[in-house]
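The chains carry the letters A, B, C and D, assigned in the order they are written, with residues numbered from 1 in each.
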Amino acid sequence: MEDYIEILQRGEADIHFVHPDEFRKFVRDKKNRGLEDKLMDVKEAVKKYVKNGDYLAYDFSSLTRGPQSLIREIIRQRKKNLWVLAKFTLLETVLLAGAGCVDKIDVGFLGFGPYIARKVQEGAVKVYDYSNGSVTYRLVAGAMGIPFMPARDLLGTDTMKHSGGIVVRDPFSKIPVALFPALNPDVSVIHVQEADIYGNARVYGPTVATLETAMASKRVIISAERIVETIEFREHPNWTTVPYYCVDAVVHAPFGAYPGGTQGYYEMDSDHYLKLTSIKTEEEMQKYLEEYIYSVDSHEEFLEKRVGVKRLRELIQNSQILEGYR
Amino acid sequence: MEDYIEILQRGEADIHFVHPDEFRKFVRDKKNRGLEDKLMDVKEAVKKYVKNGDYLAYDFSSLTRGPQSLIREIIRQRKKNLWVLAKFTLLETVLLAGAGCVDKIDVGFLGFGPYIARKVQEGAVKVYDYSNGSVTYRLVAGAMGIPFMPARDLLGTDTMKHSGGIVVRDPFSKIPVALFPALNPDVSVIHVQEADIYGNARVYGPTVATLETAMASKRVIISAERIVETIEFREHPNWTTVPYYCVDAVVHAPFGAYPGGTQGYYEMDSDHYLKLTSIKTEEEMQKYLEEYIYSVDSHEEFLEKRVGVKRLRELIQNSQILEGYR
Amino acid sequence: MEIEFTDTEFMICNAARLLEDNKTIFVGWGVPQVVAILAEKLYTPNIVQVFEFGAIGPQSRTPFLRGTMGGPSNTYRSLQWCSMNLAFSYAQVGYIDYGMLGAAQIDRYGNINSTMIGDDYSRPKVRFPGSGGGNEVASYCWKTIIVMAHEKRRFVERCDFITSPGHRMDGKTREEVGLPAETGPFRVITSKGMFGFDEETKELKLIGVLKGLTVDDVLDDMGIKPLVADEVVELSPPTPQELKTLREEIDPYGLIISKGAKFKVEL
Amino acid sequence: MEIEFTDTEFMICNAARLLEDNKTIFVGWGVPQVVAILAEKLYTPNIVQVFEFGAIGPQSRTPFLRGTMGGPSNTYRSLQWCSMNLAFSYAQVGYIDYGMLGAAQIDRYGNINSTMIGDDYSRPKVRFPGSGGGNEVASYCWKTIIVMAHEKRRFVERCDFITSPGHRMDGKTREEVGLPAETGPFRVITSKGMFGFDEETKELKLIGVLKGLTVDDVLDDMGIKPLVADEVVELSPPTPQELKTLREEIDPYGLIISKGAKFKVEL
């Protein structure tokens, strides 16, 4: 019987990899298992928990339940040199790249449109290619405290060559299998329907990788449409998506996913979304950033001065399917 | 850079291991993605889907939401040479061993009391030791279609030596890490609160490994306290625990977890439980099996003639905490 | 009678006719969604859509809304809302029958490029969004259907970048690289025809052309020379019922179906 | 005044006093449950219980009911009901501060046997239920507390079978075998005393004895000779408040607390 497992291939990507013991110690020392009031202003949350050079993850999409107000605040605070996980993303990477916040992107789905494409073509941001599945497995490993996850994707592709995965011969079945290194982001930003002040959080609808992202990240900012009492969680414990001890900051952010929608609350704003996707040139991008992010002080001011009550009311009106979201 | 991963240790256990491609083909050919009425009598379900020599798994405990009526039917049909996964179990293995159904047990928790201990001491059943965590990881791998799961348990112990795991040096962090081979049981039996006739199933309360067990198993029998309409699942899709396409048979089994309890329905019967745990000798065991299993034709007759309406009403009365189970 | 339709409408209808009832299909954003909904409405009422973000078996509402990927409309009355990890696990362990994908480039063995054009990975000539969940669909599902506009430059001997696997990658079979056995591209549906893969050599093989076109019309518009089946069938253009369903019920705003060149066929 | 209590009552009270507030504790069936509930009622109101079957942060109802492992009473008003995989993942990734375990045998380095007695694995002299979730608790939690009856035969140089890891296993450190760094047995609480582990050698070290007993009383009842701390503290017997809470509120039927020898101490 062999006393080794053959390594058949090694991906070339630089990887953000945190030793499982280092991450454990961080969890032990910096995450609070006490019930601490973590409710704070978005400014304070981003200032305290997002640092230049961080590896940043976020959950769900630009269209649905994305943490858009948190992304805008990161841009507003002009964070630099981020390494971003682009999983199931459309516009977050586009905006972050447009604002010069990003150096590197681990790609599940890079983001949409010619603007971000040109940033890559010009070499202004460095990309490492994976797939939505393989980056999710990296988060799963990071969340479970194991150094890697085995999976059968990316095999045989150029994606594998440019990823951070390796391929080995499975010792049990003898088939080649990919191993994807655990991913423990420095910080993740997540938008949910309901949270309490301690960070217990509830998602209605597809959960994507909300829990895995939160568990795997050193620092976690949750924004929520509603802040609810803890008893709401205790009465239906099966519905809790993220437990409080994974979370560092809770931000009350109605319309936090705007211009995307949040199920049970409001639909996406298609006009604003089209405005964003039509950005091609640097000038258009800087104009958008100035108008919608830099020139307003906060999410509230953005909603009031750049969106307006009438539009918000329409988006609420458009959200007529509530079944399953209450 | 090495082109191999060092294998540091190999557990000695025989393992039930199904090649991922073999399991995939079974899923493709034998699991029905059509909405087929799978409601059937417990007799028929066990006759059709549990075979002599099968690897059998079940979910949750003898005390709570265990598939007790299904276990009794397996015994009643005198299935032989089973290889059983004893995870979080107290009495299932005891009864199955007492009835001579079992040859081998993969042990998370062997089961309770001197009877099963003696069966092992005498060599009447062969055991392979793991832990509740490592056997669960085996099911997770089986459910995900990957050949193994990495984990940091059993390291340094005699349990590892006698398990089916191996220890390797992780290529990313260089720490030793255990790899546990995927487990794909031939059949699993699971009790839930609610199912529809197609096999969609809902668990309230801790879910243990209900979904993983169902996904990983070639054949799955679900028993349910209530059969509900499919629309109940579609109205709250976040609450679906197991989707129909994993399931082969649905049995309507009120009091299916008796003598254990089912949350939201009835409490356990402590007297009957004590009667079971006090079994020491072969004679006592055979007497119990005769009285409560062989001498009755069905779960319904068991409830009627061996438990009685009065006792059942008391167990319902004792179940007064409904919060979270509706 | 003459019937007029777009490339996209033809591809959608042709793809919808391929599906089997009582099967699962892994559905990506856009065209595959519309295919699945059309099939559900006309041909395969019990087809089960699976979305990577975690929705199983929705009864998607129409009209199709561009913005609702993951939102209330396309995940309406699902059998299960779950995680991405679980959705992919269902596929990896073998529960998902069909997958449907687009492609920027395709090669002789059905390898797909949705990452970049050019020969320098760090400085691509054109950069696309990358795999998304496409690699998992192409790796895990039993039968993958590729839907793409029929353009010469899209058919290449070797993709500039293999994002998702076909039947052979640089000479290696799927089994050799470790992919699940008996999977791979099943059909390629373009705006002009339909391809399968040769049983033995696994090469792209033309098996159908749109009514009104010749085999040569199709072959002339390809950067590679595929195999041609002994009998190439004629593919019907969209039927009036298909077009009515698409245009009136599913996509009245033409968000998806209006794309591509217009085409006319005499019925 | 004289106070009478059982071995188990003493161990439970002593363990409950060790816990810190605002921490998580991985709780097994029986004694650890009662310890956590007593601590919650008297000392650490915000301690968060975690159960392997998938319950996080319950406000367990009293009285303690033997049959409710996983049932409505001990999982009452949890913050989360989840899977076993997730409960163990919380522990494996470092979120769980304390773990509490019983043991049939323990050795000098805190290794635990809950599997078998004898030297032939296939034919044990005595077979126990095995690890359950004990191995995960001992492997993953930051500080493990072992609670066991004080009997000579239970303290051995090398466990007949190491089920769950201590600080050194056959000469190897936890780090050498790959276990998470800076974890391991923290205290051993017996019916007669309390042990820690030497900072340097990681050997079992007596650090406290029950009031009314001498160090030698404790050492005489051990199959190995442990280290003895320079200052061995006196451990208070259960206080009247602890006993009242245990006997009247938590375990009025004596399902757990009535076990073990009776003991009397002059207060």
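Things worth noting here:
To be clear about the criterion, a contact is a pair of C-beta atoms (placed from the backbone, for glycine too) under 8 Å apart; a residue touches a chain by one contact, two chains touch by 3 or more.
Quick caveat: nothing in here was measured; it's all calculated off a predicted structure.
Under the touch definition stated at the top, chain B and chain C share these contacting partners: A. C-beta contact counts were set side by side for A-D and B-D; B-D has more. Centre-to-centre spacing of chain A and chain B amounts to 36 Å, using the average Cα coordinate of each chain.
One inter-chain figure worth recording: chain C and chain D are separated by 58 Å, centre to centre, where each centre is the mean of the chain's CA atoms. Taking each chain's centre as the average of its CA atoms, chain A and chain D sit 40 Å apart. Chain B and chain D, compared by their mean Cα positions, are separated by 28 Å. Among all residues of chain D, those that touch two or more other chains are 55, 75, 77, 81-82, 92, 140, 180. Annotation for chain A: residues touching 2 or more other chains are 20-21, 144-146, 151-152, 175, 177, 204-205, 207, 211, 235, 237-238, 323-324. If each chain is drawn as a node and touching chains are joined, the picture fits none of the line, ring, star or complete shapes. According to the touch criterion at the top of this document, the contacting chain pairs are A-B, A-C, A-D, B-C, B-D. Contact residues on chain D toward chain A in their complex (touch as defined above): 21-24, 46, 48, 55-57, 59, 75, 77-82, 86, 89-90, 92-95, 97, 140, 142, 180-182. Of all residues in chain B, those touching chain C in their complex are 20-21, 23-28, 31-35, 142-146, 200, 211, 215-216, 230-231, 233-235, 237-238, 240, 243-246.
Remark: chain D residues 51-55, 61, 66-73, 75-77, 81-85, 88, 92, 111, 115, 121-136, 139-140, 159, 161-165, 169, 172, 174, 176-180 touch chain B in the complex. Taken in their complex, chain A has these residues touching chain C: 60-61, 63-65, 88, 107-112, 116-118, 120-123, 126-127, 129-134, 136-137, 140, 151-159, 162, 167, 175-178, 204-212, 260-261, 263-264, 267-268, 270, 273, 319, 321, 323-325.
By the touch rule above, chain B contacts chain A in their complex via residues 1-7, 10, 15, 17, 19-21, 141, 144-152, 166, 168, 170-173, 175, 177, 179, 181-182, 204-205, 207, 235-239, 323-324.
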